[in-house]
Amino acid sequence: MLITQRLSSAGIHAVLIAYSLLALFPLALIVINSFKSKKAIFRDPTGLPLGDNFSSKGYDSVLNNSDFPLYFGNSLTVTCVSLVLILLLGAMAAHALSEYRFPGDSLIGLYLILGIMVPIRLGTVALLQLIVDLGLANTLTALILVYTAQGLPIAIFIFTEFLRSVSKEIKDSARIDGLSEYRIFFEVVIPLVRPVIATVAVFSMIPIWNDLWFPLILSPGEETRTVTLGVQQFIGQYTVNWGAVLAALSVAILPVLVMYIIFSKQLIRGITAGAVKG
Amino acid sequence: MANTERPTHRRPIRWYILVFLAPATLIYTIFAIYPILESLRLSLFQANENGATFEGLANYARLIQEPYWAEQFWNAFKNNVLLFLMHMLIQNPIALALAALLSVPTLKGAAVYRTILFLPTLLSVVVVGFIWQLILSPLWGVTPAFMNFLGVGSFFKPWLGLESSALVTVTLISIWQYVGIPLMLFYAALLNVPEETIEAARIDGLNGWWIFWKVKLPLILPSLGLVGILTYIGNFTASFDLIYSIQGGLAGPDYSTDVMGTFLFRTFFGFQAQLGDVYMGATVASALFFIILIGVALYLFGVQRRLQRYES
Amino acid sequence: MATLSLKGINKSFGSVDVIRDLSLDVNNGEFIVFVGPSGCGKSTLLRMIAGLETLTDGAISIGDKRVDHLPPANRGIAMVFQSYALYPHKDVRGNLGFALKHAGIEKQEIDKRVNNASEILGLSEMMERKPRELSGGQRQRVAIGRAIVREPDVFLFDEPLSNLDAALRVHMRIEILKLHQRLRNTMVYVTHDQIEAMTLADRIVVLRDGRVEQVGTPLELYKKPVNTFVAAFIGSPAMNFLQANVQDSSVNLEGESICTLNAKDGPVQLGVRPEHLVVSDNGPFKGSVSVFEHLGGESFVHLALADEQSLVAKLDGEYIFNPGDECSLAIKAEHCHVFDSAGRNITE
Amino acid sequence: MAINAMRSGLLAVGMCLTGTAAAQTVISIESWRAEDQAIWDDLILPVFEAQNPDIDVQFKPTTATEYNAALNARLAGGTAGDIITCRPFDNALAMYEAGSLAEIGSIAGLSNFSDVAKAAWSTDSGDAKFCVPMASVIHGFMYNKDAFAELEIEVPKTESDFYAVLDKIKEDGTYIPMAMGTKDQWEAATMGYTNVGPSYWAGEEGRLALISGDAKLTDDVYVQVFEQMAKWTSYLGNGYQAQGYTDSQNLFTLGRAAIYPTGSWEITGFQENADFELGAFAPPRKDADSKCYISDHTDIGIGMNAATENKEAVMKFLEWTTSAEFAEILTNAAPGFFSLSTHDIKVENALAQEFVAMRGECEPTIRLAHQILSRGEPALGNQLWTLTANVINGSQTPEDAAKEAQANLDGWFKP
């Protein structure tokens, strides 16, 4: 009932539809142009992929490239395993921080969320050295570990804020019911944090899925390429195969889009549940 | 009662706390903190014939004194500040306005709008950079045709290529992509404003507009603060990807879109003819770290405290 | 079914002492209530009995068994929490049976106990519902049911009714009372609400700043509070305290003698319960009515006394006053409480 | 200890997985030429592998813009490939001095290269050599033959011809005279400044004079080049300030621009995309009497990662890259990248032949800023990018730009 007195409901819809068009138009252009030849893209960027304009060459070069399923698999593996680790380890740490008082607890809490502020990219050289020393160069494990480290601070921050707002009595109740601290975490806390899992997942997933930097440095090998890195083969020094780039990236949007739609409802509920309050 | 009868009341060591904390702390320390600390350490060294020698804060002195470095540093810093201000003054008000509209309880299809408005956030910068360059290009006619259609074609300029407008244009693209995040946070905060408070305000005779300004806005101030600090951090860390993919490593024209991120990238890894310098790179990285730290500290100890008074 | 004994309990958080050298014996089947203002340590004490907090010093025994080093589940207790603490992801049946299932009790036995509890509490209709689909009172019932199925030696209640609205609170209070009469278990109940304490308790423990102020039956506390703190805490509306003087073994207010007291001359505090005051033309408490509240069967008169002290009286419903009316009240000497300057009850 | 044990354990596992590891040595090539993947995989490497069945060579390019950063990080981390494609002069020299590139002077086939070619990948004294010269690229102009025929214009030979042609195209209005933008900066510097510059500073003479300190960038001959750039502005397309390199390419191949200042490296891409006939001409000479100069830039070399564990196989491969066989495959598989060797190679591509023909008429030189002048900070190479773009954009006068470049160079460079 906020601005209804000023703007009729139709007015609100008009504004939202206008902004939605602004959000969708470039997206539509991406998809439209992914079905066109390079020449058609530039000759007529807004034209629909019909008649002469139509070309599935982009998709052909992506889908017929036998490596792309592998790249997709790699991206999915890295993203999913990292997500699970971020969610599990983040929730464990957040549980410890919000549930127990122990010496240095607030210091450790501060330490663990410090990473929100600093991009790990700043430490690339030392990180690569470390990965090599551990014998993890050119493995998906390297990426998973780095993304987990990168995603943990925000996850811990959101989970801790949320768990602090949840009544402690339920855990006490479980203790009286005879559950060990570990089982309390898995049987009581995990179901409790379910509303914010979506929030954490969406915030962590996007940068992992779209990252180009760490695959390039840590795991550029043929076997471990991710989609974003795989797309780079279409970007030459002087010639760029834009049709293929757009096709590959259009396809690459799908998994995140699906995950987002799955999480979307929970996302708002999670934020609303007090997870991300000041 | 004899003392000897009493068992000691010292609590047994609570290993489970360690078990819960250790995995996250270990991975985070090894793969995030250690590499960054290593960078901080490198900033105290300089390369010479026999490897590198400890130089204390000499690199920092160079960064802010030697004209070559200082010019780039302050230019990038200035652009970052501008970027931050523009995000605060454009992105966040747009996000707030959209969130306010979305949170109108009688609105139909809010979920659809929400999904659409968040979509750009899911995209990778490679494709965002490409598509906006295509749209704004003076050559391929998307924007010029649109503006001609509206009858304002003569106002078209190659915005991305002009020193006066490149930074603003990049900022607007960034806003287009990332407005979804503050939008979600504001939206959630607005949903949390109790209906009774609003009803009370209506009984006090406030209309919708004033209810928003006088009641809802103060109540969601904490999330305004959070969005502010997230904008601040993102402005220093995430701005790199977009600017690099649209304007390239030299952040043209004439460094007018250069930010700390692109400056750092060039310094650390080198760029074309420029050779990489890990030590100066580490110095820029550390300077960036301290700038972010100062901002966050100001937020935590100044802004947040004041804001939270509204919570109760 | 067991006794509960606390011996020399101490608890400190860092340098703050929350419980100081507290000892108490609770009889088998007794309903004991801890009351006190917030921060008095009553919840901490209950949580120590439950095993959720460690002791700094002292011993707790349930029956003959020393329990203070045992984990909560092995102490033979069950606890009902203020926020109900139901598992949101389990339905009512799942919530009721959770502890038993975890303890490895046979399914048949679990079903029997769960069904029994749900019958006692009238939950049978809603066994498949999730907690978020229940009303506050129903949730509280499930929480109590969860305690019942465990068949504990001692029930612990931590302000179980304070999240309910007034009508429901009265209703649930009676349910708990009935439950106690039916089960005859030892129950320890924490509240800051003196009405709950008075109505439920066999014995009340009044706590302040981690110390026991007084232990006794509700009537003992009402009639013989050891100090002004207990006197003020028990009874509603609260006892009036007036500055008075002892002169020649008589307690005087504005020159009029109220009762006798064998003490040396000097200032004392006179405690007068509102319900003991009666209208009397020549009563010693004279003043003008500042506020008059009529409740139908009874009424409250707020009186401004001549020496700027004020007084509340609970009168029969037949009296009607208007603000500004003059009024004088009297009290029987045996209803007077007299406290010394330190607050100790020195009534004879 | 533990780490080493783990590492050898993983190595062992890795060996088992590759299976044939015992029989074959696998070596990989780092490169920025992502678009050459097919050429290497299908044309070049099979020939070498057929002759050396015990060696498996893999071509692993990184996007050109990230190449230096990614390669340096991988070198530091020890995960870089065995063979490294070298950028010329200071960039590769720095890698050699940092110990990343090995000395490869022992390769016999190096005698197949001229001293000029080898200079790009040798220390200043010439004592140590760290990359085998591979290919050069020639700057020049490409034009739309159909458009020229339509407007009845001749290929320009001199500066005045050149502007006459441009004026004519502009007047006609069908075509944008010249496809070039300033958004990517390097385009302006490489396609403009470096392309026509040698005609003014007299090629090698002017370049070496800067290095020896006998000349300054503020001297007339260098300022003149900036002045030319300022003159170009009026022949560029609308909104050239926001026109990137890809835009320029498309503008030209879609037939909307008549002339494209560029170099031989575009041949493959343009011949694939353009529907019209392409021609090439050399940068115009100053006037009819003066000599003609081209930038025949030593662009790509190939060297050995000093940390490689397959030194023998790498050396074998590098030796092979000095052969006539390699030179021939490369020249004709990647037309426009001309072998730097002295082998007599027949260039088959007609457009490439036009570029090679320029070598006969004009004096060759290399890009102005690549040798020595980009060794300090700020590097002259990057300076020229920004300054050229500024001059064309009109935000700096040619004199200012020259002054700034020289001042910055003076900041660190001692001739």
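The chains carry the letters A, B, C and D, assigned in the order they are written, with residues numbered from 1 in each.
Criterion: a residue touches a chain if its C-beta (ideal position, glycine included) is under 8 Å from a C-beta of that chain, and two chains touch if they have at least 3 such contacts.
Since we're looking at a predicted model, the values are computed, not measured.
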Subunit D omitted: connectivity of the other chains: one piece
Winner on C-beta contact pairs when A-D is weighed against A-C: A-D
Centroid-based (C-alpha) most distant chain relative to subunit C: D
Distance between the centres, which are taken as Cα means, of subunit D and subunit A, whole angstrom: 38
Whole-Å gap separating subunit C and subunit D, where each centre is the average of the chain's CA atoms: 89
Mean-CA-position distance for subunit C and subunit B (Å): 54
Sites on subunit B at which at least two other chains make contact: 139-140, 268, 278
Numbers and ranges of subunit D residues touching at least 2 other chains: 73, 76, 247, 250
Multi-chain contact sites of subunit A, meaning residues that touch two or more partners: 42, 124-125, 242
Subunit B contact footprint on subunit D (complex, rising order): 65, 68-69, 72-73, 76, 90-91, 94, 181-186, 237-244, 247, 250-251, 256, 369-370, 374-375, 377-382, 385-386, 389-390, 393, 395, 408, 411
Sites on subunit B touched by subunit D in the complex: 67-68, 133, 136-140, 156-163, 247-250, 252-255, 265, 268-278
Complex contacts: residues of subunit C adjacent to subunit A: 47, 50-52, 71-74, 77-79, 81-89, 98-99, 102-103, 146, 150, 158
Parts of subunit A lying in touch with subunit C, wherever the complex brings them together: 167, 169-170, 172-179, 183, 188, 191-192, 194
Contact set on subunit A toward subunit B in their complex: 1-6, 9, 12-13, 15-16, 19-20, 22-24, 26-27, 29-30, 33, 41-42, 45-46, 85, 89-90, 92-93, 95-97, 100, 102, 108, 111-112, 114-120, 122-127, 130, 145-146, 148-150, 152-153, 156, 180-182, 185, 206, 209-210, 212, 228, 231, 242, 245-246, 249, 252-253, 256-257, 260-261, 264-265, 267-268, 271-272, 274, 276-278
